[in-house]
Amino acid sequence: MRGLFHVTPSGWSGLGFAAFVILLVPELAGSYWLSVFTSAACFTLAIAGVAFLYARLGLVSLTQVGLMGVGGWVMLRLNHGTDLPFEVNLVLSALATMVFGWILALPALRLRGLYLALVTLMAAGGLEIVFATFQFPNGGEGFWGVTIGSSEPFRRPALAQSPEAYLRYVAICALLGFLLIELHRRLQPGRAWAMIRRSEAAAMAAGVNVTLYKTWAFGICGLLGGAAGALLAGSLGLLDDGTFRASESVMVFALAVVGGARYWQGAVIAAALYKILPPLLSTWGVDADLAFVIFGAGLLHAVITAPDGIAGQLRGAIVARFARKERADA
Amino acid sequence: MANLSKYSNWLAWAVAMTLIIGVLSWDAPRPQMVGLFIASGLAVGSLYALGGIGIVVLYRATGVLNFAGGAAGAAGAMTAWQLVDWGIWPPISWLGCLAVSLAITLFYGRLIAPRLAWRDTVVKAVATLGFALIVLGLVSFIWADDPRSIELPTDAIGVRILGMRVTATRLLVFFASVAIVIGIWAFLTYTRIGLQMRSLANDRDLSALLGIPILKVETIAWTIAGVLAGFTGLMFADLIRLEPVVITFMVIPSIAAAICGRLENLTAVLIGGLSMGVIENLLTLSAPLRGVRPIAPFVIAAVVLLWLQRGQRLSFGGRD
Amino acid sequence: MKPDLKQLGAAAVAVLALGSPAFAAAECGANTGEPATGEPIFVGGIHGNAAPGDWTSSTDSAAAYFACVNANGGIHGRPIEYLVENDQWNPEAAAQAAARLVNDTDTVAMVGNGSFIEMAVNAGTYEAADIMVMASACAISECFETPNLVSTNQGPLPSNLGAAQYAQEELGAEHIACMGLNIPNNGIWSCNAVAEFMESRGGQSTPVLINPGAPDVNSALLEALASGADTILINQPAGIALAILSAAEEQDLRDMFNWIAPTPLYDLSVPDQLGSYWHGHVFVNAELAPLNLEGPDALNWVAVLDEFGNEDDPRDTFGQAGYLSARFFVKAMLEMDPADVGDRAKVSEAIRGISGYTSDLMCGPYYVGDADFHMPNHAGYMVQIVEGGFEIVRDCYEYDSPYFERHIAIETELGLR
C-alpha cells in the first residue's frame, strides 16, 4: 500500500509544475495569455486521456476533440437549463461523456489497431456534422437549447469568477485528472492493462476480463475529454462547432504522440504546441496560413526524430547529462 | 464457407440498399425526384470512391493511410485554375494539376515516408495529416480566399438520365472510377509489379527478404496515388467547388469509402462510395434527417466495419 | 500582405473603372496636412483570416483611413494607433483577441471588425467592458441584436430582405426558396425573416438549409426545385453560391426561376467566374453603393487606399464599410472635448450619441443610439450580373418588412425621419 503514495522524481516535477501554474502563472499573465493558458490547460486534460489510452493499452482514439464537444454540449445545456452549481454540471458532463464514449466504443472493442482508430475517426466525423447542424446550447428552448440572437450569460464556478481564478481552477482539475490516471496505473486496472498491452490472449488466459478493462480505459479517456470540454465551455461561455472538427481530433492524437504519450510532460508539451504556439506565432506577426505550415513541419519533424516524443527526448537528455556528471565525479 | 460469407455480405448490402431507398423515397413528392437524387448521388459517390481508391492502392502497397491526398488534389486544382487564369491552353492546365499533385505526393512518398517506416500504422497515418496542413497552409497563402471556379469542356455536353441532365463530366467521373478499379485490378493481377505490390501488402518483411524491390514498387504506388489525387481534385473542383479547404478535408469521407472495402477490396470501395453518395442525397427527402445528411458516409462506414467484424473472430489479426 | 494576383487584377479594374478622379488627394479627419504627434489613442479591430475565408478588407480600409487621419492632424493632434488581431475563424482565438484588445490594452473603441464568429463569442466581453464596436463586416445576428455592437454593413438579414422585396415587386415572385446556411444566427435567422416578409406580402418562402460541412450543394438545389418555388434566393457566401449556380447551369434551370442573392455575390470576380450563361439573369442586392458610382466618399475611399493603404487591399463592399466605420468614428471623436478622447466610457457615450451622419456610400443616415439592437443600414441597391460586371437595376430603396418596426421607432425618436 505504501507504493501507492510513493512520489517519483517525475511525480515531484509534475507537482512542482502544477504549483507553478496554479500559484505563479495567473499573477504574471495578462488577460490575453490567461485566456491562452486556460484553453491550453483544458486541452492538456483531454490530451492526457488520449495519451493514456495509447501508452497503456496501445489503443488509438481519433475522436477525443469530438468527445470534448459532447462534454461541452452537456455543460452548456445544464448551465442554461438548470440552476445546478458549476461543479455538479462538470461532474455530470464528464460522466455523460464517459457513457457516450462507452456507447461508441463497446461495439468497436473487438477491433484493433488501425481499424479501431478508423471507427473512432468515423465517430469524430459524425460528431462534427451533428455539432455543425445543431450547434451548441446558448440559452434557447427545447432539447437543443439554441436561441437566435445574443446568447444567455454563462455561470462560472462560484470559486472562480475572474480569469485568473478560472485558470487556477482548470489547472487543479487537470492535476486531478493526472492523479486519477496515475492512481489507476498503480492499482489492479494498471496491471490488467499492462497484460492486455502485451498480449490480449495471454491476459485472457490469466483470467483478466479484457472487455471490462478496455471499456474502463475508454471510459477514463471519455471522462477526461468530457471534463476538458466542459471546462473549455466555462472558459469561453459558449462553444462553436469549428473547434470540434474531426481533423482536430486527429491532430490532438498526433500531438499526443509528438509530445510523448508515456509521460505527463508529453500532454503538457502537446497542449502547448496545439494552443500556445499558434498565438505565439501570431504575436510575432507570422501569417496565420504560414503558421499552419510551421506547425505541420514541426509535427512531421517531431514524429520522425523523436520516437518517445519530445518529452522522451528531454528526459533522455537529462538522464544522459546526469550520467555524464556521475562519470566525471567518479 | 468463405464463399458463402462473401456472398452474404453482398446480399446484406443489396437488402439494406433496397430498404433504405424504399423507405426514403416512400414520401417523395414526385417519384421523379427519387431518380434525380440517385443520379446526383452517384456523382458525389464517384468522388468519394475515387478518393477511397487512391487511399486503398497506396495503403496496400506502402502501409501508409494518406490523409494528404485531398491537399495534394487541392494544390493541383488551384494550379489548374491559375494556369487558366493566365490564359494558358486548358489541357496544359489539367496536366499541370496532375503534375503538381504528383510532385507533392511523390515528395512525401520518397523523402518523408521512408523516415517513418518504423512507426505504428496509425502514427504513419496521422503524420500525413501534418503534411496535409503544410500543403493547405501554402495553398491558402499563395491564393487568398476569393470566389473561383473551373470549367471543363465536358460540362457543356449532357444527357438526360432518370429525369436529370447529367453532364459528360459526371459521366466521366463515374466511368473513370469504374475503369480505374478494373485497370488497377488488372495491373495487380497480370503485371510483375502488381504481383510484387500484392506480396508487399501481404507481408512486408517477408517480401523484402525475397528480394522484392520495395523502393521501386512503393514509388509506383505513390505515383498512382498522386495522379489519382490530382484527377480527383480537378473533378471535385469542377463538380463541387474550388475551395482548397473543402477539397482537402474531402479525404475524411473518402476514408469512409475506403473502409467499406476494408482497405483492400477496390470493388467494395467503389460500391461503398457510390452507395454513400446515393444515400446522402436521398436523405434530403426525409425532413428530420435532411439537416444531418452529410453524416451518411460516417454512419455507413462504421456500420460496415462492425458488420464485417460480427462474430467473435479477430478478423484483422496479425500485424496491422 | 499576401501576393494575390486575382485581387491585384480586381483592384486594377476598379481603379480603371473609376477613371482619373481616383487620383484626387485623400481627405481625412481634420484635414490639416500636419502629422499628429501627441500621445496615441488606441483603437482595436478584429478580422478573420484563415480557412474558410479572408475577411480583412474592412480592417485594411479602416487602417488606411486612420493612417490618413494621422497624417492630417489626428484626433485633436493625437494619432490613432490601430491594433488589429486575427481571430482565424476560431472561437478561442476570437476570445483571446478581444482579451488582448479590450482588457490588456487601453483601447477606446473597436472599429472595422470583420468576422463570422468574433461577435458571437465577444458580445458579452464588450458589454462587460462597456466598449463600443463599430463593426464593418458582420454576418451573424449578434452584430445587430446586442447593445455594444453596431455594424455599417447590413449583414444577411436586411440584404436578403432587400433582394426578396425586389423579386416580389419587380419579378413577380410569390414563393421564394431561401437557400441559407444551416447556422442559427446566420442562415436560419435571415431565412426566417424572409419568410415573415413574404407572408406580410401574401406570398410564402421555404427555407432550404445547407450544412456548412457538406461539400455537395446539388441535393439542396434539388430540394429547392422540389419545393415548388418560383424564385431562388442564394443566401450563401460567394464560394457556395457559385457552386449552386454552376449546378443549376448543369441542369439548365436558369429560365425556370428568378435568381436573386444578397451582397456576398456582389464581388467583382463573380461575373467572370459565373460565365456568360448567367449574365443578365442574376439579381444581387448591394448593401452599400455599387463600386462604379463616383460620389465624394467613394472617390475619397479609393484615394485613401491608394495613398495610405497597401496595393492589394481589396476594393470591395466590406472595404467601403471599413472606411465608413472609421470615418464616422473619427468624426464623432473630433466632435468630442479634446480632454475626453482617451477615455473609453466617454468615447462609448459619444459613439452612442452618433446620429444623422451621411455618406454617398450609404443610402440612409448612420446612427447608433442607446438601444439593445442596432441596424442603421437597411436600405440598398439592386444590381444585375452582366458581362464584365454589374448594372444597377434599382437605385437606393428602403426595405419594407415587419422586422424593422423597432428600428424605425428609434429613427423617428432621433428625428431622422
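Each chain carries a letter (A, B and C) given by its place in the written order, and its residues are counted from 1.
In the analysis below, a residue touches a chain if its C-beta (ideal position, glycine included) is under 8 Å from a C-beta of that chain, and two chains touch if they have at least 3 such contacts.
These figures come from a predicted structure and were not determined experimentally.
Please identify which chain has its centre, taken as the mean of its CA atoms, farthest from the centre of chain B.
Between chain B and every other chain, the largest centroid distance is to C.
Have a look at A-C versus A-B and report the one with more C-beta pairs in contact.
By number of C-beta pairs in contact, A-B is the larger.
Once you find the CA centre of chain A and the CA centre of chain C, what distance in Å lies between them?
Centre separation, chain A to chain C: 39 Å.
Quick one: chain A and chain B, Cα centre-to-centre, how many Å?
Taking the mean C-alpha position of each chain, the two centres sit 31 Å apart.
By the touch rule stated above, which residues of chain B touch at least two different other chains?
In chain B, the residues touching two or more other chains are 136, 140-141, 291-292, 294.
For chain A, write out the residues touching at least two other chains, lowest number first.
Correct list: 129, 133, 287, 289.
Can you list the chain C residues in contact with two or more other chains?
Where chain C meets two or more other chains at a single residue, that happens at 2, 50, 182, 211, 213.
Enumerate the contact residues on chain A facing chain C in the complex.
Listed in rising order, the residues of chain A that touch chain C are 30-32, 34-36, 39, 128-129, 132-133, 135, 146-151, 153, 163, 232, 235-240, 242-243, 275, 278-279, 282, 287-289.
Touching chain B in the complex: which residues of chain C?
Chain C residues touching chain B: 2-7, 50-54, 182, 209, 211, 213-220, 222-223, 225-226, 238-243, 246, 250-252, 267, 269-270, 273-275.
Quick check on the complex: what are the chain A residues that touch chain B?
60, 62, 107-108, 110-115, 117-119, 121-123, 125-126, 129-130, 133-134, 245-247, 250-251, 253-254, 257, 287, 289-293, 295-297, 299-300, 303-304, 307
Mind pulling up the chain B residues that touch chain C in the complex?
Counting only chain B, the residues touching chain C are 29-30, 33, 36-37, 40-41, 43-44, 82, 85, 136, 140-149, 151, 155, 158, 164-165, 167, 236, 240-246, 250, 280-281, 284, 290-294.
Given the complex with chain A, which residues does chain C contribute to the contact?
2, 49-50, 85-86, 88-93, 95-96, 99-100, 102-104, 117, 120-121, 123-124, 141-142, 145-146, 182-185, 188-189, 192, 211-213
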